[in-house]
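Below: one structure, written as structure tokens.
Going by the order they are written in, the chains are A, B, C and D; count residues from 1 in each one.
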Amino acid sequence: MKDSALREQLRSEPAEPSLPQRVHRLEEIRREAAHTGRVEGVGVRLAGAPIPVASVETGYYGLPLLKEPQWSWEIPVYFFVGGAAGAAAVIAEFAQMSGAQTELVRDARTVAAVGALLSPALLVSDLGVPSRFLNMLRVFKVQSPMSVGVYIVSAFGPPSVLAMIANRLRGRMPGMMLKMIESSAGLFSALCGLGMATYTGVLIGATAIPVWNKNIDSLPIHFALSGLAAGTAAIQLMGHEESRALNLLGLVASAGESLIGVKLEKAPSPANAPLKKGTSGLITRAGGLLTGPLPLALRIAAAFAGERRSKQIIRMAAASSLAGSLLTRVGWVRAGHRSAQQSNTAASREF
Amino acid sequence: MGTSFGRGGATTAQQDLANSDAILIMGSSMAENHPVGFQWVIEARKRGATIIHVDPRFTRTSAMADIWVPMRSGSDVAFLGGLIHYVLEQGKEFREYVVHYTNAATILRDDVKLPDDLAGIFSGWDEENKKYSPETWLYKDEDPKPDAIKPGHATAGGGHGKDRGGEAGDATKHETDPTLQHPNCVFNVLKRHFARYTPEFVEDVCGVPKEQFLKVAEVFSNASGPEKTAAICYAVGWTQHSNGVQIIRAAAILQLLLGNIGRPGGGILALRGHASIQGSTDIPTLYDILPGYLPMPFWESDAHTLDEYVKRHRSNSGWWSNFEKYIVSLLKAWYGSAATKDNEFGFRWLPRVTGDHSESGYWLDMQDGKMEGLFVMGQNPAVGAANGRLQRTALSKLKWLVVRDFVETETASFWHDSQEIENGELKTEDIATEIFFFPAASHVEKEGSFTNTQRLIQYHEKAIEPPEDCRSETWFLYHLGRRLKEKAKAEPIARNAGLNALTWDYPTEGPIREPVVDAIVSEINGYKTASGELVREYTELEADGSTACGCWIYSGVHPKPGHNLANQRKPKDYLGHGWGFCWPSDRRILYNRASARPDGKPWSERKKLVWWDESKRQWTGQDVPDFGKETPPDYRPDRKAEGIKRIAGDQPFIMHPDGVGWLWVSSGLKDGPLPTHYEPLEAVVENRLYPQRASNPPAEKKQRPDNPYGYSLDKRFPYILTTYRLTEHHTAGGMSRSLPHLSELQPELFCEISPEMANEIGIRHGEYATIMSPRGIIEARAMITSRMRPLKVQGRWVHEVGLPYHWGRRGLAKGDTVNDLLAISEEPNVRIMETKALVCDIRPGRRPRGKAALDELNAKMRQTA
Amino acid sequence: MSATTAFLTDSTLCIGCKACEVACKEWNNLGDDGLAWTGFSYDNTAELGHSTWRHVKFVEHPPEIGHGGNSPEVSSWTFSSDVCKHCEEAGCLEACPTGSIVRTEFGGVYVQPDICNGCSYCVVACPFGVVQRNKEDGRAFKCTFCYDRQKAGLTPACAHACPTESIKFGEIEQLRAEAERRLAKLKESGMNDAVLYDPKETSVRGTHAFFLTRGDPRQYNLPLKPEVPTIYTKQGWKSAAIGAGVLAAATMLAFIAGDNR
Amino acid sequence: MIKELLANWPLLKQIKTGTDGTGPEAMSEQTRSLKPKFADAQVARSVCPYCGVGCGQLAFHKDGKLISIEGDPESPISRGHLCPKGANSFELVTHPGRELKVKYRRPRSRQWESLDLETAMDMVAERLWKSREQTFVESKDGRPVMQTKAIGHLGGATLDNEENYLIKKLFTAGLGMVCISNQARI
């Protein structure tokens, strides 16, 4: 067994009991031994040497039943980027339809396109054998969220970029053609964007990791809103603090995130512990706070503040949502690790 | 076993265990150390047999057994004696078998005395020389051998010789009482001797609760008789005791009483720890015997001419009447044409044994600087032998050392990384020993044969050439011999006569000039000196020099050119005839004449093996009869009959002059005709039976400053120490500790202690504990487990520390060397050391490093007991 | 189509010798797992992983004098050789986006080393914690069911080595029947704590490697209710649709409501 | 070229066969042509070198290289089974820790030196001869002794019978060495 794994295992041993406790227990054991000639192993646990045991209560020496996720940092970051880009694509499309300011549309398209380019890059660099990324396209498996996701990502890229280019060119050379290209590409990009913002929730939800699959019903919505918040925030920070539409969106997103936060906090399932305890708990909660209540409050405050003031507050809210969205993704992945570590057969009823 | 039945080898085959109705495994953790052989125990279990494991620890074998009974290490004879007592008491013996096939009815001399009469010793004890004269043990009316020293009683003897097969003179005149009424017939003497081994006694000495012991006794004895048979498996858990041979004797007596020898599903199976440990005794790399258990000539006691030598070792009746044929054929094989009748076939060229030249014997000489050179081939005494500290320092006294192995063993590396270098006892630049390390060829890089634990000779073919400098021992010895013979040729003086005469013209083949192994096999099998034609069997051997044979018991393994029976691969039956070659004469179950009633019919349909076919007028069955094929059951020799003719048709133990199994051994054992309970050399309790005689009287402690012992009942060392092996490693680790796949399974030395003990000394699971004996100090990870348990012995709780001994300072899986704790000692008959029951002390925490470790040990020794 | 094969690992016959573990590593050229001493009875490899495809578990309970491990009354020291379960509904197989993991003609679940790109989605999809990515190598590994040997009609290395034939290999239905017979026999001998582990009632729908153990399977880290993750996907996509809807609707409304001039 | 590529594209096969990408359609060429590693190797019948049980082994080799070692199903003793040590025989022969070269350490030296095999043999013969010369005892009280106690041998239980035979023959019958011992006792 690997030392690291062992250390991890030993860390979870109970604290040593007090000396009097031990001495007392020693006498007990001596008597028991003298009487029956035998002592249960647990007697020694009290003597200060926790003998790891295999039992219904502890599972096999308290070792985890499941393997931890083996994704590197790129994956949570991708969840964040992909989510934001997906939302941005949607925003861009509706913005254009509703004939909003060209700058807003342009910047939205930019965010979508940049995200669309960044996403595959992050995915590839996470692979153990990056050169084999194309193997992802050997087959298409509806039953595998990752397979579906891969096709979404691949489909999301080209139209998003195309839409952006078309958009930029439109500034210089007027023409019906370009407009049509942009709107159709944009539409397609937006449709994929909806997938981008949501499928990652299914991806981690449909796994053996308890903390993930126990929240399968809320995860995609959670991620969608998180993406919306991040996307909106990103665009706003490009100088659209005054866009009422975006402010409304921000409001909706942070409100939704707050609701989900409350739901998660109230959920009794022991499987949710990693979302509340330990580092993973800290991060997810921080993420929740920064995308939910905090920006919500700020945006409301902004509505009553003076123009210059409100602009600053909006910027703060946006920054908070961005950071929050990123933390949320990191937190959830970390929670997955913890959940796996704690997954011995007796850890919870799920098994 | 030699003394009891006539041959030292296991009496049965592993596959035959499947036919047992009960199997007693004692002194062995078979499932752990012989897992593949253990499948036959499982097979028996599937067929309804009861598996009994008696062991101080609950091992992986216990985990497979139906009954597990713990027993204090070192009380084996007490336990077995208890079983014998039970059988005699309850009249559970197999009467007809006992009367006809054992010497139960034989009447002993009136002046023989038992330990109960003499406070712990048999008659004939010589207190000052610490040895027995077996005179009084002989059968009544049997004339003792004229010689001053009885065969097998030479002080120098290692006891591997045929003497163990007993040559109580010519047991032809003694009286018997088939009614077993005579007070001095063996049967009644046995009853008297074991009278004190009651269940209460067993409980008191072994720590086995009475009712548990009775459960074992009942199950085992009920599984014996005409319709049923029970087997016993043992390993070094029995042999490595100061009374090892007598433990096995006790088992032999039990099996003879229950009629379990020579019958399917019966027998005693000795489980050997190495691929060819049986082979290396048959064709011995031992000092006291020649191939085929012919004794080496002993200078002190033995003949100096071939005639005397033969006279002394040949017996007029029984198989050993052929003695002369075998020794002469051996001499012819070795000295070839130079060996003639006039020069006694070169008998004078053979070296004489002048003392104890066993490993422990000469190692002490080495330590005292009396030796110059040493060859070590495929063994690692620096880790594997008792008192490692002495083992290693002794090596530093050599002028030169040759080590042949797969890896640089601790034996080869003692001069730069041993414990003694660490603690400053030895300094590399002071060690004048010149060391040659030769890499060895593996079993697939050379051809040759191993003899397994059931006397089965199996050949392994060569798959590939050995890499680089790796060579087989065959290559090494042949080419070394070639060089030496050249030197001898140059100076043809008396000293070199033997070497000059030695036949050494083996053909070689291949790029590395590997000797043709087939030529060696042929020589071992034997051939007619005139024609060079191979002999078909040892019955063709002659005493006139017309035949040569390297090892008579192996004769028949290569009956004609191109027919190496050791390489047969077509098994015909469950006993494996057609697969390999089983000495002698491919007999798979020894003494199998006993599987039939005296009248030649099987004891029962269920347990038939070999029987007399009246129509064909010969013995027939599933095995090769271990008996005169045409000797009818009703054959009765006349008074004058000689040799094998002297054995009656209902006497299955043909190696014995009286043709029966020996409950009582009148000659051949140095520590008594019967086993009796003695405590180990180092014990934590006194000897309940004979307070005046703690341990086996003739056992040698070899006590000296560098091989110290504790006092009796030493307070400084209150715990029993027992050592053993694990499935995942091989003996001293040379073939396992450097292999990743095995090392990861048992990466570090650990000690097994009971929860009670852990609490007594405050040791915590997984932490280090330091263990000390009068010889050494080591550390080990503590494995606290209720598989170890204290036992109530003589009214107090006795704790035991279990230590697997594989580890050393090299390889992937490292650990302290457990054998540093053991003492060099010698069981009187075979000079084995005691490893299974010694004393130690244990404390929490790691041992100090460097010199400090020695200091702690010395401080411990300075404490007053 | 060749017959579907399976493993029956009978821990009442297992002597804990670990031959299966070694034989597997020898045949598949797997490295060691590190040399740490765990103190978990005699088990120092602790779990299945990318370099350990067979693993013997040691479960200890205090023995009683007079009772060996085969005693029906007292279960003292039991060994059980763990392996990939080759589930009827295999999480890793369904999850693999490259098609590297396939179901062989023998019903085994096989990772094609030349296809796997190390996305490690299978790792989180396995309800038994079997498959694992080798960080150095980058790809995921697990028991191959000796697909190479089976193709040649040979027994898998572990079953071939097992000294006491506690690992049985054969046609799945025959083995299931044999397992039932064996179980009945044990019960009849009074060994009432003997159980057959083959989670047929769960979404995994049974395994191609079933286990006869003594006592609650959970002490061997055998989950009572393993679930194949695909049971969550439907619900997942449903809420994904909702999420997408919310996203689209919110955006649309925002821009309608939002005054953008 | 492209055509081939498309022909082998599992996705198209999937569509054609309407399968879900978990079966043969997803198998690579390598997988389809998978063979056990000892396919078309030669085999030597062998015996396990570890304990005394004497399990049969099959040693597969090809072009002078060892491919694998496994149990021999025909052995009436082992029926093809091996214990962990026996199962590890291939590693025993091939592991990197194995010494392949002669090593020599001069008196008082701090390190090993390399030495040519033949030279080493000559040197050992020299040492042996010299020690024997100086310590050989021909007779005592006019009776033959013909021995040297100054040179010992240890080992044999892991060696072949033929090797033990040569040891006993050369060392005892030829050179008069009596200090000969091995692991075997009873």
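Everything that follows uses one rule, which is that a residue touches a chain if its C-beta (ideal position, glycine included) is under 8 Å from a C-beta of that chain, and two chains touch if they have at least 3 such contacts.
None of these values were measured; they are calculated from a predicted model.
A.B. asks: If I average the Cα coordinates per chain and compare with the overall Cα mean, which chain comes out closest?
C.D. replies: Closest to the centre of all protein C-alpha atoms: chain D.
A.B. asks: Please flag the chain sitting at the greatest distance from chain C, going by CA centroids.
C.D. replies: Checked the centroid distances; the maximum from chain C is B.
A.B. asks: Given the two chain pairs B-D and C-D, which is bridged by the higher number of C-beta pairs in contact?
C.D. replies: B-D
A.B. asks: Taking each chain's centre as the mean position of its Cα atoms, how many Å separate chain A from chain B?
C.D. replies: The answer is 69 Å.
A.B. asks: Which whole number of Å gives the spacing of the CA centres of chain B and chain D?
C.D. replies: Chain centres of chain B and chain D, defined by C-alpha means, are spaced 26 Å apart.
A.B. asks: Taking each chain's centre as the mean position of its Cα atoms, how many Å separate chain C from chain D?
C.D. replies: A distance of 35 Å separates the two centres.
A.B. asks: Return the distance between the CA-based centres of chain B and chain C, expressed in whole Å.
C.D. replies: A distance of 45 Å separates the two centres.
A.B. asks: In chain D, what residues contact two or more other chains?
C.D. replies: Counting only residues that touch two or more other chains, chain D contributes 10, 21-22, 25-26, 69, 78, 81-84, 86, 88, 91.
A.B. asks: Would you please write down the residue numbers of chain C that are in contact with two or more other chains?
C.D. replies: 17-19, 21-22, 26, 33-34, 36, 39, 41, 44-45, 60, 62, 65, 94, 99-100, 115, 163-165 - these are the residues of chain C that touch more than one other chain.
A.B. asks: Could you say which residues in chain A touch two or more other chains, in rising order?
C.D. replies: Within chain A, the residues that touch at least two other chains are 37-41, 51-52, 138-139, 141, 143, 147.
A.B. asks: Quick check: in the complex, which residue numbers of chain D touch chain C?
C.D. replies: Interface residues on the chain D side: 10, 21-28, 30-31, 34-37, 39, 68-71, 78, 80-84, 86-88, 90-91.
A.B. asks: If you look only at chain A, which of its residues touch chain C in the complex?
C.D. replies: Counting only chain A, the residues touching chain C are 1-3, 5-6, 9, 37-41, 51-56, 59-61, 63-71, 87, 90-91, 94-95, 97-101, 104, 126-130, 132-133, 135-136, 138-139, 141, 143-147, 149-150, 194-195, 197-199, 201-209, 212-213, 216-225, 227-228, 243-249, 252-253, 256, 336, 340, 343-346, 350-351.
A.B. asks: Going by the contact rule set out above, which residues of chain D touch chain A in the complex?
C.D. replies: 9-11, 14, 20-22, 25-26
A.B. asks: Report the residues of chain C in contact with chain B in the complex, numbered from low to high.
C.D. replies: Within the complex, chain C touches chain B at residues 13, 15-19, 21-22, 25-26, 31-37, 39, 41-42, 44-45, 60, 62-63, 65-71, 76-79, 163-165.
A.B. asks: What does chain C use to touch chain D in their complex?
C.D. replies: 17-19, 21-23, 26-27, 93-94, 99-103, 105, 110, 112, 114-115, 147-149, 151-152, 154, 157, 160-165
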